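Each of the next two complexes has chain A plus one other chain: chain B in the first, chain C in the second.
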Partner chain A sequence: MMKTPEDVRAQGHEKALKELLLQLADDDFIVAYRGSEWLGLAPHIEEDVAFSSISQDTMGHATMYYQLLEDLGLGVANDLAHARKPEERRNAILLEEVNGPGHYLEEPRYDWAFAVVRHYFYTQAKKIRIDSLQASSYEPLSHVAIKVNTELYYHLMHWKTWFKQLMTIPGEARERMLSAVSRSMEDAGGILALGPHEKKMTEAGLIEGEEFLKKRWLHEVEAMCDDCGVQVTLEPMMKRGNGRALEHTEDLTDAIKTLSAVYRQDPAAIW
Partner chain B sequence: MTLVLNSVEEALENVKDPEIDSVSIIDLGMVEHVEVEEGEAYVALLPTFMGCPALEIIEKNVKNELLTIEGVQSVKVKFIYSPPWTSDRITAQGRERLKDFGIAPPPTKMESTGEWHVDCPYCGSTYTTMDNIFGPTACRSILYCKSCKNPFEAMKPVSTM
Partner chain C sequence: MTTMTAFERLSDEEKHNHFMQRIEAGEKIEAEDWMPEEYRMTLIKLISMHGISEIMGALPEKEWVPKAPTLRRKLGIMAKVQDEMGHGQLLLRVAEDLMKPYGRNREDIMQDLFTGRLKFHNVFHMPAPTWGDAGLIGWLVDGAAIITQTNMLKASYGPYARALQRICAEEVFHAQHGEAIIMALAEGTDEQKALVQDSLNRWWESLLMFFGPAAADTTGSSKQDTTIKYKIRTKTNEQLRQDFFTKYIPRVLSLGLELPDPTMRYDEEKGLWIYKQPDWNEFKEIVRNNGPKSKERLRLRQLSYENNAWVREALSPSNEAI
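Showing the complex of A and B:
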């Protein structure tokens, strides 16, 4: 068990831990940002309250991971979140994709089916990762995972409820859900990937391997689809690339530009 | 030194939840550890929900409160995650004070399905329905009392199960 950043360095696992923490932080950060863009646009007021609460909480999880990176000497948490270039980010491509055509201030044509599928896919993957991280060899990370797990319960229940309700209504709802599932599947491999440093991570005992995590995810999603009485092809791919290997789309560049606009005005400001 | 420590612990009773001013951070079970050494007070707090924007305000209020104590020259506040905060840490007094504010305390037991139930904090009726599991803050849900016809909030149950 590694209790401090010094222990990590002494055992030579610094690189693996940094890579893993960046993936965890960047995933939560960008998905929370995309979620927050839905504020005021969700299907009804209760959903606005729920979705913004989940997004705010998810941003809190990203903050904890950035803090762990700060403790490792990678820089200040706030800068890690705002100042890093898109090509330095480790988030999965599925999470950076825009919510739909249009801008949230002008004619947003966001796709609720895609939002439900993306957030369900991601939250289920996050739950499986968090379960594994609770036994991580880096103690501060295992503590964070135990904390996140208590809150994640509500997030997962929320997205499962939406997924099931829309998927079991015949007609437009199910059709749009099915099309969102097959579209999301093209990049879902990214949320399950651990990237080029996977071996170092598993050797250090930081997290279980990608294959184990993927198998559990497939099992959960399959059970959910069975429950809904739909047949889907469960083949998570990385059609547009692997975010863990720093591959990204223009959507991420635009998102970082928007979300860091205030930060860039005065990086030294204390908020 | 013990005297100073006692004053520090008493003073923490004065630090209220910024959004629920009837309830202190002691009532909520957020205070995990307190020590005073050579004029420096150290307080370890457990955050309730991570997305909570009140955390920074609480930190500031703890500092301001403790600096008024004679024998305390500086204050260090740290948020720690272990043990994780769970809703069963709320004290009996805290549960009563939540009700005074119109918020139902978190249920002490949950069904195996994850469903839970609370009584109305206003009239005590058990005839309540869940309106939205997510409320105005991450730690609260919105419910409705069918007896006295009031909407009300409840603290979410949080456990490591």
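Showing the complex of A and C:
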């Protein structure tokens, strides 16, 4: 068990831990942003309240991971979140994709089916990862995982409810959901990946291996689809590349521009 | 049970007198209680406007949610806009209960918003082009809202008074969140300081308008007399505006900001702030959805309403039965 940043350095696991924390932080940072773009646009006011609460929690999770990186001496949390270039980010490509045509302030034509499927897929993957991280060899990370898990329980329940509700209504709703599922599957491999440093991570006992996590995810999603009475090809791919290996799309470049718009006006100032 | 029957036998005038006695005695009126048409209509108008304003009010801040400059500020503004949506939800439920006898519901509220029958607060028709505005909205717009809402905390209508208790408690956090942003800017670089003065200048007239005209003759209509008669509120628009000045002018000055109105002064003798009236004709135009951002923000809501039509359809009771 590594209790402090010094222990991590002494045991030579700094690189593996840094990579893992950046994946966790960048995933939540970008998906919280995509969620916040939905503000005021959700199917009803009750959902706006619930969804913005989830996005807020998720941004809080990203903050905790960036803080762990700061504690390791790898930079200031705020700078890690705002100053890093898109090509330095480790988030999965599925999470950086725009919500749909338009801009969050102008003519947004967002797709609720895609929102539900993406958030369900991601939250399920996050749940499995977090369960594994509760037993992480880095104690501060396992503590964060325990905290995150209490909120995650509600997030997962929320997206499962939507998924099931819309998937079980024949006609337009199910059609839209099925097409969102096959579209999301093309990049879903990315949320399950641990990237080029996976072996170092597992050797350090930071998290269980990718194959194990993926198997559990497939099992959960398959059970959900069975429950909904739909047949889905469960083949999570990384068609557009692996975000863990720093591969990204233009969507991320635009997102980072927005997320750092005020920060960049004066990175040295106190805001 | 016997009192109910006895009550039902009363004439409308007697019922009305009984109702006014309850109001005078400071009793709380509940959703199922008998109430005069005028009271119900006034409440529906007031509360649905308040509720929809909370929802439309999240839109000027929406731009700044992702752009907030630090993780802490991102979390702060996310929490705030979520609260505002929650306030909207809470209030619309209160309004919906009042509308039930007319067979009207949420759908009607949204349609009234789109057609312009249901108005939302003047401040939420205005642009918020800088991070300074994000701070100023929290500090002074929520600050102004606290003043008007505190004035109704003891409202005779129980469900509204109870909703306001919770809302006001959260508004205090919003004002603190806004004040913290403004303080950081005011103590920052010259560029940051300029953001604050710039925002104050931009929002000044809107803040004065927020409390509504002093008397009905300014804009041709004002509900304040009715709401005072029924003890929904206690103070007049002008009293509230004066309270706002008394609370915030010293704070504005202590931050080294200049008042956008050079004629403003406190008249010790009258105990009143003397100030330049905002353009009340412009106010009328703004709340008629002819403000600088009215159409754009309504468009956002309307677009989401259309885009999500299939979801509402899927969730409609006829589908739930399947």
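Assume the second predicted complex is superposed on the first by the 270 of 271 C-alpha atoms of A that agree within 3 Å, B and C clash if a C-alpha of one lies under 4 Å from a C-alpha of the other, contacts with A are read in each partner's own complex, and residues count from 1 in each chain.
The definition used in the following text is that a contact is a pair of C-beta atoms (placed from the backbone, for glycine too) under 8 Å apart; a residue touches a chain by one contact, two chains touch by 3 or more.
What you see is a predicted model; the values in this text were computed from it and never measured.
Within the superposed three-chain model, A:Gln231 lies out of touch with both chain B and chain C [touch as defined at top]. With both structures placed on the common chain, the touch criterion links A:Tyr104 to chain C but leaves chain B unconnected. In the overlay built on the shared chain, the residue A:Gln56 is in contact with chain B and with chain C.
Applying the stated contact rule after C-alpha superposition, one finds that A:Gln11 touches neither chain B nor chain C. Residue contacts after overlaying the shared chain place A:Lys147 against chain B, while chain C stays out of touching range. Of the two partner chains, chain B is the only one touched by A:His158; chain C is not.
In the superposed pair of complexes, A:Ser182 makes contact with neither chain B nor chain C.
Which of chain B and chain C touches more residues of chain A is settled by the count: it is C.
When both complexes are aligned on chain A by C-alpha atoms, chain A residues 46, 49, 53, 56, 59-60, 63 touch chain B in the first and chain C in the second. Every residue of chain A that touches chain B in the complex is listed here, in rising order: 46, 49-50, 53-54, 56-61, 63-64, 140, 143-144, 146-151, 153-154, 157-158. By the touch criterion given at the top, residues 47, 49-53, 80-82, 84-86, 114, 131-138, 142, 156, 158-160 of chain B touch chain A in their complex.
Residues 55, 58-59, 62-75, 78-79, 81-82, 85-86, 88-89, 92, 131, 181, 184-185, 187-189, 191-192, 296, 299-301, 303-304, 307-308, 310-315, 319, 322 of chain C are the ones touching chain A in the complex.
For chain A in complex with chain C, the residues that touch the partner chain are 32-33, 36-37, 39-46, 48-49, 52-53, 55-56, 59-60, 62-63, 66, 77-78, 81-82, 104-112, 165-166, 169-173, 176, 258-259, 261-263, 265-266, 269-271.
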